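First chain A sits with chain B, and in the next complex the same chain sits with chain C.
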Partner chain A sequence: MKHLLSIGIFLFCSYFSIAQERLKKVEFYGKARTNLLHQNLNVEVDTTNPNKANYGHSLIDLGILIRPSNSTEIITDLRIRNEHGGFFGGAVTFGVRRLTLKGIIDDKIRYNIGDIDLKITPYTLHNNSYQTEVNEATIFSNQRSLISYENYFKENYWRQQGAQLEFALVYPNSKLQEIDFNIFTTRHNTAVAASSTPERLFSGFSVVPKTLLGNFGIHTVYLYDLKNTINDIQLFSNRAHTLSGTLNKEFFKNYNFFFETGYSKTKIEDLISNDLNEIEDYFWNIGFKTQKFWGLDIQLNALNNGAYYRAPGAQNIRLNYLTQSGVFNLISNDQVQRPMGILDYLYNDVNYFNQFDESLDAYNPIFNNTMPYGQATPNRKGLSLQLTKKQLLEGLTLNLNGHMFSEIIGVGTEEIKTFKVYQSSLNYKYNRFTIKFGVKHEKTKRDGANFEKIDLWSRQIDGGLDIKLMNDLDFISGIKIHEASGNELLLDYDILNNPFIMTPTFYNMKQVLSAFGLRLSFGSHSTLTTSYNIYSYEDSNIDYSINQFQILYKLNF
Partner chain B sequence: MVRVLIIFVTFFLTVFSLKAQEFEINTKPKTFKKLNISGEYRGFFQQRYFHKPYILSTSIDDTLYLPKQSILFGDATQLPELTLNIGATLSNNVAFGTDLTFWNMKQGTFDYFRGVHLGVNLYGSFKTSLGNFSLRTGGIQWLKMSRMTFKAFEGYNRYSLFTRNPWDPLTKDLGERYSQYFDRGAISQDERWGNQAFHGFSMSGLGLPNNFNLMLLYGKAQSSITQFTTVDNTTLQQSQQFFNTQFYSSLIPSYVIGGSLSKNISNHSLALNSMNGLSFNDTIGVESNNYSVNTISFQTYFDNLSVIGEIGYGKYDDLSAGESIAIKFKTDKSLTYLPFDVEYFRVSPNFYNNNSEIINSSINDQDITQVEGQGVLRQNGSAILGVGQLANNRTGLTINTEFQLPLFKINLGQTIAKEIKEGSNQLTYGRTINGVTYSEFYRWQYASNLGPYSRLNKFYRGVYETVNLDKFQLNNNLHFNSIDFQIKHHHKINKHKYYIYYLGNYNSAQQKLSPFIITDESALIRQYSHQLEKYFQYSSKLIFSTYLGYERVVGNYITDTNDETFMPRNQKTRALGLGIDYKLSDKTCLFFRSRYFSFEDTNFILDESEGLETTLEIKVNF
Partner chain C sequence: MKKITLLFCLGLIFACERAYDENEFLGNSLNDQFGELKFSTPLSGSGLEYNFIQISQYNFNATWSKNANYELRIIGENSNAIKSYTGYDNSLNADNSIWRGEANDFPSFKEESCQVILSVSDLDTTIYDTLNIYINETKPMQSDVYIIEDFENIDQATLMQNSFVQFGANMDFNIQNDFAAEGQNYFRMRGEMTWNEWFLGNLVLNINEAKTLPDLTPSTTYFNIAVVGSRQELFPEDQFLEIVVRETDGDEFRTQIRPIEWSSWRNFSIPYSEFESGSDIAIKETNKINQIEILCLSCPGVVGSQGGCVNNQGVLVTTDIDFISFTENEPYQP
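What follows is the complex of A and B.
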């Protein structure tokens, strides 16, 4: 009975997937690209490692859209990839990136089966954005779009594999206008007997009543191991239930109030020792938006995230900071592992997480120490203020953010950390010129005895200048600067959210990535970009620089 | 909680009406509707039976022979069983193309291999006030610039038609292949003829101001060997797909960059060409293996005379720059009674470009035993080459002419060449008769130092032999003579067409200048080959063919001698073939070939083989 809902959804959808009529219409779409990179590494005293790299690939993702009937679609994306230099079939791979069945039952209930994109709220299911950009230049966002595409990062959705139902109830002539339902179950991982990993599913639902006063929602996500799929040793489960709402201006004049609150419970059942470990906690987040003063968009909110609030689908970091690129992996005659930086995160073969898991992944405090796991980062309380002014001048938009947070309970000590973040971004379009700028300054502090003291600051700056040279030809350029100094205790969390390793780490680093190039547009969706990048990295242990030339031809069709 | 949910959902579903939903696929992108798919099927069966099996290798303990009989289904090393060319034009200026290939060796496993042949190609074009530009990325792209920078040798269209190339196109008229060769002097070739394979980024600009045209290349040629790890599609994880470096076993650069700027002036044209190759011999990118070639090519046409040429210089690593000149005068028969094609060439020993028509015979650029996988083995060392083929460290003259007698078309050519400086102590020559047959002894590899005397090397659809020279007996640079002689005859008997072609290639390498090939012992190597083939078109659907080939190679005592006979090479190669071309239906043809082959070297007695090779090829174009 416990998992009847999930099984029911599977069976329900399976029935409809079988009862298809024969194919009536097939259409094609897709993306293709060629990405060629040439990189040169400069580092002092290195006679033992390669310092040049030249590689790339071409690929086509051919999407096939099959419409068996007016209310059913099957979508699949096939990939053919050819590495640069693979002649006559050498280094060619084939893949399938997607297989989804979509449809609607009796014009009332939508269903999706297979590869589906899911998102609920920032405290339940939410794929948090990148931490390595503030307001990135076009030349870099062009490249970042590849990372998003490859890892299925579409806005804040998670690509999952399972089934989903969506429907709505309507109440004509009533203050309660409609209630939207969203129910899903996905398979998180399969059972692997060798590693004692049981089958794990991820289920959830969202019920959102829409009223004249505003929208309210009840949301539940549930990540859980299925019993008896292997010789069980340990079973994990996590539930998070939240209530959210937005109140229209009619309710409070000139103010939009919003809130979300909820709690979570995480259980680990050890079937060998019969131990049951549980953690549970709550959170709340409340705020408002207004445009009442000086034409400014103002948003103020306060939050309190309990230290043991856990929602794995909302507490994630996209980038695996522990990953190491295979390009210039070792440098100098001392065979030092090259510290990864913003060039690697954008261009090289580092790993991004395209699935969440039960633990909090390693974070990098010099990129985001305040809210490393997104808005649902546990053990945080504080205030945020956001000011946005559109059309400050014609074509100019300015955004200012300030965040003041602190831990709720101390980690490894009774002292708590405080965090301050100041962030601003600017977009300006004037004639043929487009300027983008963003800066984020973050400060972390903890007082106490010497071993407790933490004092860390970091700064990220993004700048970009695009100039339209001709109708389809643009000069694009950008710069990214990242620097940090101070100390922090790097934390490794166990599955119950307890930090079990604290590594004292000292930072004194600066990295700069600058780039310029030409972008040629073919129609509305295809571009050829040639760019040159200059990257430098320095910290107290090692300095190096990388120069890079890239040709990137992207076709969208 | 779940129970509550079910009750909740059930309640709302039964009491209230459901909202009507529009069927829209939120994620549905803009689609295009038409994919162009074409391709070909090539079923290939081969049976080989040895009367005298070929010795692969010998050692003190054992002698390893090729199996006496072998059969093969599928020939993926040459062309896959099924090739699908897929492409779409997305808008006026954007297109893509790729292909899929499948093959199965009919071994009862039903395990179909799949791959691509030409890979992924993306196209784009744009118009500016400066001209029209088109670009292409990915590859393989078949491209050419000029003879000395980026082009494959086309020769003078003297070849045998009996042995079919896998890529030979099907023609609407079954006999077109043989009639074209008689009428026009050449057969229809596919896009790779005369072009070089290229992988990367290319851009061409046409109609630029003042009649200029532009071409730019950045990427990899076949000489830019890339080392990959084994790609296993069955275990490939999609999550790794973004990894740019996932299949590379080395990221050390190996690429070419080049370009051409040409200008048309009335009937004449002038072009500046450049090709530069960059690679490294070591694993850390220190020992460079770079070359650079810059040339001017031109074509001038007058009433009865045209002059076509290319002049340039090339630089290889630290060697000093070397010149390269090839100037061809083509006369009309109104001027010289017979049409002549006279070319003077001089290519410095230091001029190096393996992407050009120029064979490298003087610079030891690679360890040939290390070539594997997709690497293409090329001849190294002094080489006996055909008429008109350019090589570095060589200067000479090539003369070609053709004329027609009442029953015959005759064309002949001669190249007289010599080495500019003393070459290596090795000489190579390709086996003309049965060359493809021998290369298929080593179907799955490009290997060197093969055979009972470790003197055979395999390249794509051919083998060449390495001759060691006694340096102490050499007192002059090597000189080369080559003559090609071809007679073509065509007649009709009762509406049946006959085509008879004879092709003779005669080569010698010696230490003195000679106006003709040397036929005595003073030649280090003498090589004579004769190929006589006959095609009888019985009907529009059926053609019979016969083939006779004979080749003699004789070495003198400056070349290596056998340890037992103390005698140099004395080789005889024979071939006798029968064939049938049959048109099964429109765009579907069957080709049958049966070839008796034999080889013997009376002085290197282990190097002998004799057998019968039968092939059946079904080809379908769609």
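What follows is the complex of A and C.
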């Protein structure tokens, strides 16, 4: 510690130290939006259900930033939302989207209280990205940004409510340059006596020494029930501890090595029967990046995620695949529940998880069967290779990915599944034209007896073309194609995430969503987009199509 | 050197071996849910001839392709005695099919041919396998059985000297020898009350000195009795037996077998500790048991001050009994 020369503040300190005199006591900012949708359903032989839907809303999120002192900020986002068609304010709702108190103690320790965004590593706390896009066209990514905004999906952060401390120890002129600390506790869910759900907290810390050789980190997350917040029947807890590191090029010439390894333990304590169920397992993930060959960015990594490794904050899916939109819920004269598809996932009222829980949620194998719960998906081992070439031509970036994984132990059988994923994306900008393309092909296979055999393939294609017609006017268009064929077993998990119900499911489906429209920009803060979508869905049970017209106005201020 | 040390440390971490069991998999077995059900090895026994004097226990063997519900039934061809085993497994073996010659209930096996039938079922299929065996020697009587009355070596008059039969229609409280639970004879308690009375009659068995029990622990001492209702399955509403055990110090303890609605012999083994007393200070002492009274009762067909069951009019009450005994440590095994 004799080399400790100073204690530095972390990341945002400069924000407070620069020109404090000029900062206002109160600032306002916000977003406003109007979204109008008209949808028209086409399905054979349906004389009983409505085939048109017209709905929309306007909202304003007013952000207020209050600085009671030079080292303290209070941030709140207030929302007023009006569903179109509400009678004299009858459909108006008011809410608070965010309330955060943040500041710095003694110019050394940064704290956040209230709504905070947290992320650590892909094996501890990580909000995994969407599974229904590869390299989406602008016309769709505009819409997806609304979903992210509404559900607090900011990069891979989870919105939590609690308290966080961040600080750093700085060692100038030393091989050990600094050590960053991040400590937090959040309230994960409240106690509900009726459902025998105890109060649950989520705590963690991360210590990251940064050295001349690279960065290393020790990370711990802990999701646990608090005793005696109700008449306890069962108590859950999960701990995950990981060690991560990145070694820079000075250590291995021309190669950046990275790794993460760790261990988890999950406990369910049944206080009625006095039973204690425990599972524990470990993982490792190691790889390197290099630019040594042909000017390519090459990344190769291998991973081995134990079958019982559990980290709920990192093993999650954003989209609730079991959700059902209220728009055209039943179709055809047989009153069939309309299968959900990529149009619903982008535009309609389906549910996205904005909080993780202790269980592995239902996933949809035709969107992602290989790593449905992100990089920390349990029971996987294999290799990934990623090649990226920037400026292949002027303005052209090409990315190729290949993943070969398998289960470590079988599910319901000793036979194991193998997974292959090939993915490529391309971005090309030429004069007034911007082209985006992405394709992902995934194949799952398992041998064995007839009831064990699995053979499933799925393909997602994204394409987009934007043309700048005038300075403030763009033609935007895109297409999404999703196909799948084969069979899989859909799993329902018990409380220890053991798949106890397996439902054989057969797929033979294709869905296509195409869209085109005009986007008018009013300065850099607001846009008006009008678009027309044509969507078709077909599987072995039902075919339908939906045409959609959208007007979307967005304003940031 | 640093690189080697680091690589060695990482290698150590990544080389860790998991402790998965051999053949371990996650979740329920797909084979159990969706696999074809068939026998892998056919049903076999420890032999074809069974001598329970020489060898006290035998077992059966078979394996099938998946965990499934199974039932193994051994049926005596002459006695119609049945011994059955049920469970959820993928094999029959020494752990789940040990047979010591006993039957599920009365009647007991005799020296006879038996058919062994194994049935295994999943949701949509049932498969069978059969085996024929022969019992050379039936099982010996289990140890620590104290027979109170088996109705084999007693005459009617002696048996009824302390008993009582009400006035009623078709009253039949006699030793019979048609379908006994054990041996040749059993005691019939049959009749119909033609007036508003629950009590049809009783059988009072005095326990003489020769039959006096030793001092046993009440919780591990079982009172055993074979009981059957009408063979024609015509059961009056609420017919039952009340059993009263009296001790020399005046304490008495009661239990009931109620209602009696079955048409083949059943053995009841009731721990003596479960007999109830009207007195809080009465203590069960098996060596003081000197009398057992078995009362035949039923809801009367004639409605009156004691209530009644109109539907019981013209229906004979039948509560036949056989093989009354005490056993120590375990129930009587027919």
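Convention: the second predicted complex is superposed on the first by the 532 of 557 C-alpha atoms of A that agree within 3 Å, B and C clash if a C-alpha of one lies under 4 Å from a C-alpha of the other, contacts with A are read in each partner's own complex, and residues count from 1 in each chain.
Convention: contacts are C-beta pairs under 8 Å (C-beta built on N, C-alpha and C of every residue); 3 or more make two chains touch, one makes a residue touch a chain.
Remember, it's a predicted structure, so these values are computed and weren't measured experimentally.
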{"item": "Side-by-side fit of chain B and chain C on chain A, or clash", "value": "fit"}
{"item": "First (chain B), second (chain C), both or neither touched by A:N151", "value": "first"}
{"item": "First, second, both or neither for A:V92, with chain B first and chain C second", "value": "first"}
{"item": "Partner chain(s) touched by A:N54 [first = chain B, second = chain C, both, neither]", "value": "first"}
{"item": "Vertex chain A, arms to chain B and chain C (CA centres, degrees, nearest 10)", "value": "110"}
{"item": "Residue contacts on chain A - larger count, chain B or chain C", "value": "B"}
{"item": "Touching partner for A:G306 - first (chain B), second (chain C), both, neither", "value": "second"}
{"item": "Chain B versus chain C as contact partner of A:F451, first or second or both or neither", "value": "second"}
{"item": "Touched partner set for A:S71, first chain B, second chain C, both or neither", "value": "first"}
{"item": "Partner chain in contact with A:T138 - chain B first, chain C second, else both or neither", "value": "neither"}
{"item": "Partner chain(s) touched by A:G523 [first = chain B, second = chain C, both, neither]", "value": "first"}
{"item": "Least C-alpha distance (whole Å) that remains between chain C and chain B when both complexes are overlaid", "value": "20"}
{"item": "Overlap of the chain B and chain C footprints on chain A, listed as residue numbers", "value": "none"}
{"item": "Sites on chain A touched by chain B in the complex", "value": "1-5, 27-29, 32-38, 47-60, 62-63, 65, 70-71, 73, 75, 79-97, 102-104, 107-110, 117, 146-147, 150-151, 166-171, 178-179, 181, 183, 205, 207, 220, 239, 241, 325-327, 347-349, 352, 354, 470, 472, 520, 522-523, 526, 528, 551, 553, 555-557"}
{"item": "Chain C-facing residues of chain A, complex", "value": "213, 243, 247, 251-252, 259, 261, 281-282, 284, 286, 304, 306-307, 379, 408-414, 449, 451-452, 489, 491, 498-502, 504"}
{"item": "Sites on chain C touched by chain A in the complex", "value": "2-3, 6, 10, 13-14, 16, 18, 20, 23-31, 33-35"}
{"item": "Partner chain A, residues of chain B touching it in the complex", "value": "1-3, 5-6, 8-9, 12, 16-21, 23, 25, 27-35, 86, 88, 90-91, 93-94, 96, 98, 100-101, 114-122, 124-126, 128, 135, 137-140, 197, 199-201, 218-220, 222, 224-226, 228, 231, 233, 236, 238-239, 241-248, 250-255, 280, 283-286, 373-374"}
